[in-house]
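You will see two complexes here that share chain A, one where it goes with chain B and one where it goes with chain C.
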Partner chain A sequence: MVRCPSCAAPSGTGLVCERCGRPLGEELDCFAALGLEPRLALDGAALESRYHELGRRIHPDRFATDDAAVRAASLRAMALLTRSYRTLRDPISRGLYWLELRGEKLAEDNKTVPPELAEMVFEIQEQLAELGASPAGNDRDRLRGEIEGRRAEVRSRFDRAHRELEGNFVRWDRNAGGQDELTAGLKQALSKIAYLRTLLRDMDRALAAAAEN
Partner chain B sequence: MAYSSKVIDHYTNPRNVGSFAKDDPSVGTGVVGAPECGDVMKLQLKIDEGGVIEDARFKTFGCGSAIASSSYVTELVKGKHIDEALAIKNTVIVKELNLPPVKIHCSVLAEDAIKAAISDWKKHRGNAAEQSKKTAAEA
Partner chain C sequence: MSRIFGIDLGTTNSLIAVMEDAGPRIIGDPATGATLLPSVVALGPEGTIGVGLKAAELEGKLDDWGRGQGPGDQAGSAPAAVVVRSVKRYMGLGGAEVAPEDRIRYSFADLGGPVVRFQVSGRLYTPPQVSAEILRALKARVKASSGESVERVVITVPAYFNDAQRQATKDAGRLAEVEVVRLVNEPTAASLAYGLNAMTAGRIAVYDLGGGTFDVSLLSVKEGIFEVLATNGDTHLGGDDIDRLIEEWLMEQLSPPLRQSRQLWRAARTAAEAAKCRLSAAERTELVLQAADITVRRELERSQLERMAEPLVNRTLACCRRALEDAKLKPEELDAVVLVGGATRMPLVRRRVAELFGRQPLCSINPDEVVALGAAVQAAVLTGGRKDMLLLDVVPLSLGIETMGGVMERLIHRNTTIPTSVTEMFTTAVDDQTHVDIHVVQGEREIAHDNRSLARFKLGPLEPAPAGTPRIEVTFLIDANGILNVTARDQRTGREHSLEVKPSYGLTEEEIERMLEESIERGEQDLEQRMLAVARNQADQILQAARRQLANFPALVEPQERTAIDRCAARLEAARLGTDHELIARLTQELNELTTPFAERIMNQAIKQALERKSVEQLP
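Take a look at the complex of A and B:
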C-alpha cells in the first residue's frame, strides 16, 4: 500500500490512485502494473483492452497542467505500463518473465537438449553447411528443395510447441504438480521453442543466401 | 559486437571439428544446449583405459563465441586426465578468449559439454564392465 503523492490517500497497489485518479508512478512488476494476478494463462484481447484503458487514465496529456511531480509520475507509469504490456503480450516473453520474477534462470539445470531434437538440429545444420558449400547446379537445387521441405516440418513443430506452451499455461496455473514441476516444465517448453526458433532462423538465412547466388 | 582476435582465430580456423563413432566404447559424447540463444553443442572425447583424454572432436552450431569456446576446449582437454578435465572452469575459457559478459554463457556451455561427455563415457564403461562381468559369470 503506497500513499498517493497527490492527495496523500493510501491508494492501493496499482498504477493509479483510487481516490484522485492521478498516476502513482511506483515501480511494480508487470502483472501488478496491469492490475492482474500473476498467471501464465492470459487472455490476449482482455490484456489489450486493459492496457488501453489504463493508458487513457495515466496518459501524460491528461496531467499537462499538474505540477512536475505528477507529470513525472505519469511518465514513469506510462513507460511501466507499455513495458509490462509488451512483456506479457507474447507467451514466450511472459514465460521468461515468470521465471525471472521467481529468480529462476532459463539455463540453470537445463542444459540437456532432448536427444531427438538435438539429432534433428545437427542433421539439418549439416545440410545447411553443405548447401552453403555446393556450387550452383542440379545437386544444389535438389538440396535446396529438401531443406525447404524440412523447413515446413520444423515450422510446424515450432507452432505445435507454441500451442503446447499455451495449453500448459492453463495446467500450470492450477499448479497441480507443485512449484518445482511448474518451473522445470516451463523451462523445458521455453528451451524447446528456443532451439526450434534458432534452427528456423538458420534455415531461413541459408535458403536466402542460396537464392541470391 | 567486436570479437577478440582469439575468438576470430578459433571461429575462422576451428580445431578438431568433426565426430567420432558414437558407439565406440572409448568415446564419450556430450550434447548440451544454451536455451537463451538456442545454440547446440556436441563434444566428443576419446578416452583411454586409464582415463586420459586422447583426442577430442566438436560440432557447434551457434555464434562465434560458442564455436570458439568449444574449439578451444578440444585443445585444452587433450592429454588431460578426466579428473583434471572435470575441474576446468568456464572462467579459464572466458579469460583465454576474452569473452564479453553477454557471451559468458557460451563458455559455461563448453564447460557443461566436457562434464556431459565424461559422464557419458563413464556410463559406457559401467555398461561394458557389467557386460564383461555377466559374460564371465555365464562362462
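Take a look at the complex of A and C:
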C-alpha cells in the first residue's frame, strides 16, 4: 500500500492525500489527475481553474524547504498535472488520449485520404509539386498566390472539423449508438483533422521554401 | 532558518536582493552604496585576485605590467593573470563552441573538451568557478552590510538557457557554497516584480535585452498565477554586441599600427559603452580615446548608432514574432509590454518594441534591478511568504532522443509548462543485448546532430533475453529549474533500473568535489599573497625574455642600454624574493619599458631577414 510522504496516512487514489491534502506523486490517468470522470466534452474554463487550483496546492514551489521525499512527490505530481492539463485542454489530443485509454490507436502519419477530401488534396499536391519545380518569376508568384488562397480554404475546413468534433463530443458522451460506433466515429473525425493538419503544414513549408529562394 | 536571497547573475552586472516587509530590496555595497556589482573577475595563478570594480581596475594594471597576453602576443603562452568579463557567455559551453573572436580575447585550454577552461599561468578555471567568485562577492556584500550569512539563493538565468547552461549555473552555486533552491527565468522574474506592484489580470510580454542575452516571454497573469505561454530568445545577443559594433567602428578609423594596440582596444570598449549610454539621451556625442601619448576624438550621431544596431534589434523582433506565433497570440491581444535590461534604454529599441506590439512599453522599475527584485519575490514564494503567487514557467527548447536513422524524436515540445515528464518504453534489438544507449538532444531541428547534445544514457546491464522482450520504462522529467532528470524502471519487476549518465557538456560530480576542496583551501589564502604570486609570475616572464634576448642578440643592444637593463633586472631579481608586490610590479614595468626598443630592433631584423629570404626564393 502506498503511504502519503507527508503524513504517512494510507493514500487514496487522487493527486493529493485525502487526509493532509499534500501531493502523493502516484501515476494516474489524465482525467483522474484532474479529478474528472473520463468524458470527451470538457469546459475549457472549468478545466483551467481546476488546473490552477491543484497547481497552487502541489507545485514544488510550495515544498521547496520540505524533505526530499515530499519534494520528489510534489515534482512528480506537478509533472503529471501539467501533462494531464495539456493533454485534455486541446480537443484533438483529448480525443486521441481517450482512444489510447481504450487501447485504440490512430496512426500518427495517417496516409489514407478521407474520401470527401480526396479531390482537393489531389489538386493541392499537384500545385505544391509545380511550385517546387518552378523557377523564380511571375509564374511562381502566381502559383504562390493560388496556394495561399487554397491554404485559407483548408484552414476553414480544419476549423469546421474541429467544431464538429467538439459538437460530437457531447453526443458521444451520452453514448448514443454504443461504444463501437463511438470509437469508429471518433477515429474518423480525428483522422480527418490530422490529415488537414498535415496538409496545412506541408503547404506552409512549401510556401516558406518558395519565399526563401 | 535563514532567508532565501535572490540573485541576478548577469553578463555585465550582478545583484543580490531580499524580500522585506516593505517589498524586495537590493543589497548594495555598504562602502559605496552601489547596487550593481560588475561581473568582472581577475584571476591569478593562485586564485582570484579581485572581483567587480577591483578586477576592472586590475585590468589596466595587468596590461602595463608585462607582455605575453592579449591579441598579437606570442601565441601559446598562458598569461600570468587575466581579467574575465562576461563569463556568462561561456557557461555550459564546450571548448569547440568558443567563438573565434573570444579565442583572441582569452587564452583557453582543452578546446576539444566538454567544458571551456580559461588558462592562467599554470592554472585552469572553468566558467562555473569564475561565476562562483561573483556569487561569493555578493555573499560578502550581505555579510558586510547586515552580518547575515547567505546560505540559500534563487538565481536567475536567461529563459533561453539550455540544460547545460542551467546546470553550469547550479554548479557555480555549489562552488560558491550556497544552496540554489531554484533557477528562475529572468523575464519571468521581472514579471513577478511588476506583478507585485499591480496584480492585475491580463497578458504581458517581457522584452529582456541584457548585456549578453536576449529573451522574450509572453505570460498570462490571473489571480496570482503567472503562467508563461511562450518564450524565445538568443543566449548570445545583447548590449555587449552593440558596444562591440561601436568599438569596431572607432578602431577602423585608426591607422593599421594603432589598431594593434591592446590598450587602445580596451579604451575603445570603455568609450563605446559610455557613448551608447549617452546617445540614449543626446543626439550626438564625442568619443575620446586616450592611451599612452595618443589621443583620438571621433563624433558619433545617434542615427549612425541606430543604423549599426538595427540588424541586432531586428533579430530580437524576429524572436518576438516566433514567441507570438507559438503562443497563438496577436500583438494587439497583449495588455502590457515590459522592458528589462540596461540595453532597453536605447530609444531605437523602445521605438521598435512599441511598433511591434502597438503600445508604449512599461519601464517604471529600473531595468537593471527588476530581475534581482523579481528573484527576491520568487524567494519569498519559496519560503511560503507569498502563498498568493505561483509561477508556471516553460521549457524553452524541445527535448528528444536520437532515433535509428539519426532523426530527432521529439518527446517534450518547446514551451511546454514545467515541471513535466514523459515516459518512453525501450527494449532490445538483438538477442541477449546487454545495454541500450539513449542519446538525448535539445533543439528544434529535425536531424538529431543539428541539435545540441545533452547527454548519453546507458541502460543496463540487462539480463540475457530474446530481442524485444525486455520492457524498460524511461522517464524524462524536466524539473521546475528547467533541468532534465532521467530515471528507468523495469516494467516487469517494477524495480528502478540503473542508468549510466554521460553529460555531453559540463562538469562531472568528481570535478565539482575537487574544485570545492581547492576553493576551501584557497579561501584561507590572503589576497596579498595572490597579488604577490601574479607579480612574481609577471616578473619571471619578463626576466626570462630579457635574458634570452640579451644572450641571442648581443649585437643589437647599445652599451649604455645594456647597463640600464642589467641594473633594473638585478633590482627586480632582488625584489621578487621579497613580498612587496607593488614594487615587483613597478620594476617589471620599468624593465618592460627599458627592453621595448631593443625588442623592436630584434623584431625589425627578423622581418628584414624574412623579406630577404623571400626575395632570394623568388629568383628564377
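Just so it is clear, the second predicted complex is superposed on the first by the 191 of 213 C-alpha atoms of A that agree within 3 Å, B and C clash if a C-alpha of one lies under 4 Å from a C-alpha of the other, contacts with A are read in each partner's own complex, and residues count from 1 in each chain.
Following the convention adopted for this analysis, a residue touches a chain if its C-beta (ideal position, glycine included) is under 8 Å from a C-beta of that chain, and two chains touch if they have at least 3 such contacts.
Not measured: the values here are computed from a predicted model.
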Touching partner for A:Leu106 - first (chain B), second (chain C), both, neither: first
Contacts of A:Arg86 with chain B and chain C, given as first, second, both or neither: second
Which superposed partner A:Leu28 touches (first chain B, second chain C, both, neither): neither
Which superposed partner A:Ala118 touches (first chain B, second chain C, both, neither): first
Which superposed partner A:Leu75 touches (first chain B, second chain C, both, neither): second
Which of chain B and chain C A:Arg56 touches, first, second, both or neither: second
Which superposed partner A:Leu199 touches (first chain B, second chain C, both, neither): first
Which superposed partner A:Leu190 touches (first chain B, second chain C, both, neither): first
Which superposed partner A:Val154 touches (first chain B, second chain C, both, neither): neither
List of chain C residues in touch with chain A within their complex: 1, 181-182, 222-223, 225, 378, 381-384, 387, 390-392, 416-422, 477-480
Complex interface listing, chain A residues touching chain C: 52, 55-56, 59-62, 64-65, 75-76, 78-80, 82-83, 85-86
Chain A - residues contacting chain B, complex: 106-107, 110-113, 115, 118, 121-122, 125, 187, 190-191, 194-199, 201-202
Residue ranges of chain B in contact with chain A within the complex: 31-40, 42, 59, 61-62, 105, 108-109, 112, 116
